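Below, each structure is written out as structure tokens.
What follows is a pair of complexes built around subunit A, which joins subunit B in one and subunit C in the other.
Let's turn to the complex of A and B:
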């Protein structure tokens, strides 16, 4: 028996030594829950954004640590309100070796609009794009659209020549517009090139040594973006040093446990919030005083405690109003919302519906278990002011179908919403403009002429000051009519090993204010093993 | 025609009918799951026009019977459509992910047979003694806890506290193995890379063992119960009276008749492992078809759901066919009853 044990131990040790070669230095390993979509015209969620921001480049980039946008593939731009003309850099090549030209920019826009997927709706306002010179491109808009420059962070530039050489079967001259090719291969100018893409497992990328900007030597040579890892697996992998950065979807308890064991916590904030959206067409929430009563009853402080990961880091910060702190028109950080039960009772008394007959339906999205905790919290808050409620779990697919009709939409819909370009227009217009009711973002079914007016002003004004003023007034109006309970400003948190440095995810002075852009690998540093 | 061939032909015919039924059933069920596949595929930010365009492209606005007609016509051409989850042909996804699951399940099957049957035999031969009691308790424990619990426990024990096995994936990243069969244990041997073979073996062991634990317990308990019953038969008494060695009595006279019911259950367990594998695949980040199947169901990816279910059903039927043939081989009465049935 002893001989057997000894033999097994020696065999196992030998096998371990034989089979586990040292990991190559400079490899960054991270994970995302959803499979990353490589085709940049279809990119919409977080994993897609990480791939897009590393494999492709855009004409402009958000300014790190501040408002506005800076030239990136573009050298400069000018605008007369209805058209924007960009002059491109002349030192940029695609990963294929093809030089970047204005034709590539035009092609990228036309391709995105033709496919009609991802965030292509952002460019619905663009009537045409034309290459007026080899390195000059003009976008003609159908109407003034102030957030246009911000939208360009979602227009990755693809290699026209490469795509044309790899068109797949499809209707018309352009076939499949290169969808099959770009779903499995890179076709950009980005700092990282795709080595392999297995949707069930991982996407492997390597540093593009010919990138037009300098990349730090310490930036990862190889990146492995893994998909669909379980929380328990990620926790074990990070603890054993086999993984570097978790996704933001780890339960707070797991994040906390990793932090206690020495993991860093990276954060990304300023682009979205957690909302409890009230169906303003459904009694009793068609009465503004009822909505105000519910808003005042919500326990904002407890909500913040529920998402705390450590004493210093939380998955959110207190809400100050309808617009998250850091965006145009946001209230001062000191104006945090607090629970006011006396105020809630006063509003309830002024409400035209009898509180005794109310039965508020609080829904939560089945795929986001955290929302159940908020549903339970809100139910107990409502009980404190004598309002009956019931909780309903809705799978996302069912929820998105139900909200298409106001009568099927629950009283309360809990949602996390982000501004996809970092501009408040992409956060608020889809939620509150009366022309966009009945989507997953707008279960409020709000129809308010003044809100429409301020949203249009924010969209059309060209001067930054004028936009900021429009959104400030909008913020005040939204607080007054209370279509939504503004739960907290959301902050994405990622657990990371101590071998990674990511200033864009750890220092506000380097933050981009755009979801996923903090994962620009060229700006990260990884210690060698 | 030999009896076994007749049995084979008959079972193959039944299998084809079952597959056609499964395809119709899953086609119908997939369409009544709540949610619009086009909306889910395009994401929450897609506009109504985008969703409508994709619905039209996928024929989702046609009557279900017409949709099924499109499906069958494509299937006969070997085209299962494109997955909205991976944006690749479903056939390509299945070809890539199926070998990983089959390798895992086959290895788990080997563990189930290789550990479960000997344990059952030993337990029966030690009836009423402490090894028998121990094996019965351990077997019961194995059967009563689901495989994902074993997966997490094994990971904690042998990858976290005692880091002797890897946690995730099929092979260490630095090994570049040409995929010939898709079974890494075979491909590494074909490549003549012993280190990679050992590495693949270390990667597969924990997930396969977690998947097999329940089956091992089941096989051990069943084998023990059947052998204990067989040990009470007069011909065993006679063998003992003749002074045959205990090992020979166990292997030759007690085990073979006891194997038939065990084999039936092992066949069913093996097929069940295909379905249960998704939890183990999720925990160990095993890039297999079961995990893919769950992901596509959650995203209501119709083409991929149907493709995955059809492949798993076909595998289930093939395994059952093999088990039936084995049983017929072991038990002549079944072969003869087939002849009688004709």
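Let's turn to the complex of A and C:
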């Protein structure tokens, strides 16, 4: 067996070493978890974001390697109280050849709000959008909303004329708003056009030669994004040079094995964390001392060791509190959380429920095998303080259905959550505001007046200092009432062959600080086939 | 009986079957004494020794949270055997009862019972079990129920066929002539003649039940962690191939040993008992 393995390893590494020719626009092959949702108004997860950021463009883009946002489809913008006016570039055409106008922006917003899917909730505060001139668009907000410009990275601009020509059947004048058409075809200005799309199998894209910005020759000519590949398949394909970038969901051991054989590791960080969310409505976790006991019992240091990939690269860094380091209101790196079993026992003694009668249900999401290990780790941590627990594996579909009722929601739900716009509002509001309970992000069912107050303050304050302060107090409050165990600050890691260069995923000076944006293919380079 | 034992021991293949099954049963029964790390059957984590290949300390390596794979496989045998025994202990009497009645009574009873059996047989077995587990909570007990539900019809079919042919035999007619009751004829006269076939099938099925139960837990629908189970071990390890091969290879071999052993014995029994008849 040992001999077989050694032979196999030699064979695999030899194959990896072969591929290092000149960089020049070949085919890029990568994979993600199924399903790939192509309709940009429904995009929510990572695969959807990759599609959206390449087939569509947005008015602004995050600044690479720094804070803030830069104009993209927009030339400039100004704000006046609750209204924002954007002036569009005049040299942009859709992939269909139609020119980009302010009407397209208005249409995209209205379509997003009408469908009410994906991340449309980000635009709940936008009362209306109007085209004040062919290339000027004004957004009117119903109340102050500091992260508005940041949320525009989630408003892809759709080709209105093309969609209107392809409306499907549905209620009302707009029919299906072009859902049938846009879930199978591209309708944006993006740097890549869709050649074929099967949401369960593969999306093939090719470079849009008429893109309004220059795309380097070395950027991939063709991109094949495959869905739902097994970890061991990806591992073998990369090692034999038949695959270029893995998804971030490969287990750390597999990434480590690939790295040892010479694969590169790409990273994207700073917008999310790993959480063990406690159902605050279910005894014994309705008692704050019980929740604190569980938080103190979790072995944070071991969790960090579990996700180390190589000596230098890890899938996360120690948590310092409720807000990931790098965001408004985060504690500094010195306040790293550590396991405190004595403290946990004290909290447990102060808890109103009898520890001997507790049976904590720890769930993990079937599609993310790493979570099973955290479940086992936590189970053994709880055993150390004398609390019984059982582990339950839940497929994602079942989990998202169960969390809609507090009584069906497990005691502990393990989740990876990211700020979809890079702003703490989009990370925390959906999790903790009492108006948004029972979504996959909020299995805590938290209802705390002070948390609500600070969340609103962070959302409404326009000055950066005021926001920083609101989130800082919020952080302290969340640590006090412990609705969640903050496992670690997350960093996405991807294994890649040496055919590819992706500065946005390997050099902090080019990082976007927004999940999925690093996969802008136009900024990547790939070797000739 | 003695003749059976002699034949069993004389054939090298059936002897191998006996040895394999004995090894599995003994390691399951004495797991507490044999296992180097008995506590690793539960939620223990050891991140000093995790994901290591075979060493002197851990002869089959350790899993992803540092538990000794050898110890876990010994305990997993317990679950597999328990599942096999319980499933067959419930499925066989039900199936036999249904088959005897349908075969002997004939008429409407036969129609009703055998069509019910056909309904169960027409659903692919694993699909039926998956559907049941989708509704029920994934626990050991429910996994047993699901497998039992798909297993009894085979016994009903088998016993029905034998009963149908035995019904016309002289000894049955003789019993009827002297006024024996239906229960007496079926259970005292016909059933003993079905036993060799039933026992052979049970031995062969033991292996299949273990495989089906492993398939269920491979899909995450069977025994839940941290309880060690061969199917879920293979499923978990498959993501880490080819690097952490021991995670899949040893539990896979364990399934092979158990199933192969029971099948060899089953084959031998079929020969011996068939010759007896």
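Convention: the second predicted complex is superposed on the first by the 500 of 529 C-alpha atoms of A that agree within 3 Å, B and C clash if a C-alpha of one lies under 4 Å from a C-alpha of the other, contacts with A are read in each partner's own complex, and residues count from 1 in each chain.
Definition applied: a contact is a pair of C-beta atoms (placed from the backbone, for glycine too) under 8 Å apart; a residue touches a chain by one contact, two chains touch by 3 or more.
All figures in this text were calculated on a predicted structure; none of them were measured in a lab.
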I'd like to know which partner A:305 touches here: subunit B for first, subunit C for second, both or neither. second
Touch check for A:420: first (subunit B), second (subunit C), both, or neither? first
Is A:117 touching anything from subunit B or subunit C once the two structures are fitted on A? First, second, both or neither. first
Looking at the overlay, what does A:396 touch: subunit B (first), subunit C (second), both, or neither? first
Which holds for A:377: it touches subunit B only (first), subunit C only (second), both, or neither? second
Quick one: is A:259 in contact with subunit B, with subunit C, with both, or with neither? Answer first, second, both or neither. neither
Give one of first, second, both or neither to describe whether A:39 is in contact with subunit B, with subunit C, with both, or with none. first
Contacts for A:366 in the overlay, against subunit B (first) and subunit C (second): which applies, first, second, both or neither? second
Contacts for A:232 in the overlay, against subunit B (first) and subunit C (second): which applies, first, second, both or neither? both
Which partner, once the models are overlaid, touches more of subunit A's residues, subunit C or subunit B? B
Intersection of the subunit A residues that touch subunit B with those that touch subunit C: 230, 232, 236, 395
Which residues of subunit A touch subunit B once you look at their complex with the stated criterion? 12, 15-16, 18-21, 23-24, 27, 35, 37, 39, 42, 44-45, 116-121, 124, 179, 183-184, 198-201, 224, 226, 228-230, 232-233, 236-237, 239-240, 242, 367, 395-398, 400-401, 420, 440-441
Complex interface listing, subunit A residues touching subunit C: 1, 5, 8, 230-232, 235-236, 251, 253-254, 257, 302, 305-306, 366, 369, 372-373, 375-377, 379-380, 383, 389-393, 395
List of subunit B residues in touch with subunit A within their complex: 33-36, 39-40, 42-47, 49-50, 53, 85-88, 93, 96-97, 152, 155-156, 159-160, 163-164, 166-169, 172-175, 194-196, 198-199, 201-202, 282-285, 287-288, 291-292, 295, 298, 300
For the complex, which residues does subunit C have touching subunit A? 43-45, 47, 51, 64-65, 138, 220, 224-226, 236, 238-245, 249
